[in-house]
């Protein structure tokens, strides 16, 4: 029975993630169009809503090209290696409360690990290999430089990300995402970003590091047109390129979901407990909807920032990571440690 | 169930180790080693050491192997050449000696372990239990190894610096 | 259930495979990678004994070994880079002359 529940959860989350990826492609194109004062795709269905389907068909029917001197195994492996860790990282994120279906308690998280946050970091850390291997195996100058730059950027920004998460772990006293979310119950002032943990700086650091981790503007120099052709996925076309694309969007969603879980109360509604209805499908549905809305806001923020800010030069990017974000996150950790030691925050 | 998982992982471990020691392309070796490390982390998880397993993926597979891959790509290492013909004796003797070594060590380990695992202690392998011990009993080694990491970082930066003359 | 002796034999096999690699390979980085293999085999044995004994001590040893391996890999790779700049190759058979 448990296996069946887990299977249903995995299939549901996987399909919803893939659906969100295709919705994101539409959102990105329409929103970027609105920001740039033009129309986006509006021919393929009402408001261009069938555009992702058209994109999918386009990608599938493209010719499968493998460069002549490329290392075939890694060239084929890299797109898969990009998508799998991105999907795995989402397994520990609680996107809803523990509901009761026909008498059994079903937590809305696929893997309720004791070290759940470490799992998320492990999965995002494994995502670096795809970039490195894609860049190297394409046997092209732009790809190699782009791949090395992208992965150096990713591992540089893993540090501030991990340190800001460490501050949250200090406040919450646990590595389990479900517990971290449960501790942020009550009004939204109890969220870790506000009174619950005073982690506003941590949240900002985490978000900026998340933008750099997912190679999104303003940190997307390694894959920007006009700079490095397309960085590590220069030589990729068709469905392989679509796989990298998907991996980037899934990484975005995982990063936002982590940020929401740690700082913004996950699926908590942000209302004081006495205002909430009785535990039942009304409350649970509202909480799941709260999570979805928070995720939607974060994705909107990703697209908005991409089409508003210019991109960093690579040395500016690395300087920001090592000389800016890292000392700030260390300072955040130190201040949080002092606050926790004197019992001003913490559980 | 765990037995099946362990056997599959063991097979993957030995296969990837063989790739690491025989393949001539350094990048293939590095990726095979990364796979090996993730498989070992899998074995750790099967043995209920969750924290260490996840730490293994983050530190070893996610950081050290990426570093090794970086260095291989930046140095642009080509495929290794075939070993010297003069090394044939060495190439036969090394596996033979290692086989003998494996038998001796394996037998020693075999005799020193019980034939089945005891029940899992409560809180075994969690971050809390390890953290407690680490910061209480092993406090001085912890500080010492932090110092060692700083020294290693400084040393690595100095050694790899280009001579600015 | 798993027999701990199987896991230990696996660890011994991995260790000796690492030894073969160190003795046979020619590239300095490949030798470093085989050393990492040996370290991991040792870690595997540690974790098995930790599970048998039930306490967190052996896991902390593994923690320290992992940290040491990271420091050693970083320093070792820096040495390999410096060597490559000097000799133009990482082939250990070629690097057989002291500074003259």
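Going by the order they are written in, the chains are A, B and C; count residues from 1 in each one.
Basically, a contact is a pair of C-beta atoms (placed from the backbone, for glycine too) under 8 Å apart; a residue touches a chain by one contact, two chains touch by 3 or more.
Remember, predicted model here, so these are calculated numbers, not experimental data.
Relative to the C-alpha centre of chain B, the farthest chain centre belongs to A. Counting contacting C-beta pairs between every two chains, the top pair is B-C. Centroids built from CA atoms put chain C at 6 Å from chain B.
Taking each chain's centre as the average of its CA atoms, chain A and chain B sit 29 Å apart. Computed from the mean C-alpha positions, the centre of chain A lies at a distance of 34 Å from the centre of chain C. Across the assembly, chain B contributes residues 51, 55, 63, 125 that each touch 2 or more other chains. Shared interface positions of chain C, defined as residues touching 2 or more other chains, are absent. Looking at the complex, you find that chain A touches chain B at residues 71, 73-74, 113-115, 118-119, 121-122, 125-126, 128-129, 132-133, 136, 144, 148, 151-152, 155, 175. Those residues of chain C whose C-beta lies close enough to touch chain B in the complex are 1-21, 23-27, 29-30, 32-34, 36-37, 40, 43-45, 47-52, 54-57, 59-60, 62-64, 66-75, 77-82, 84-85, 90-91, 93. Those residues of chain B whose C-beta lies close enough to touch chain C in the complex are 2-3, 6, 10, 13-14, 17-18, 20-21, 26, 29-30, 33, 36-37, 40, 43-44, 46-49, 51-52, 55-56, 59-60, 63-64, 67-68, 71-72, 75, 77, 80-81, 83-84, 90-91, 94-95, 97-99, 101-102, 105-106, 109-110, 112-118, 120-121, 124-125, 129-130, 132-134, 138, 141, 145, 148-149, 151-153, 155-160, 162. Here chain B touches chain A in the complex through residues 27-28, 31, 34, 38, 50-51, 54-55, 57-58, 61-63, 66, 69-70, 73-74, 125-127, going by the rule given at the top.
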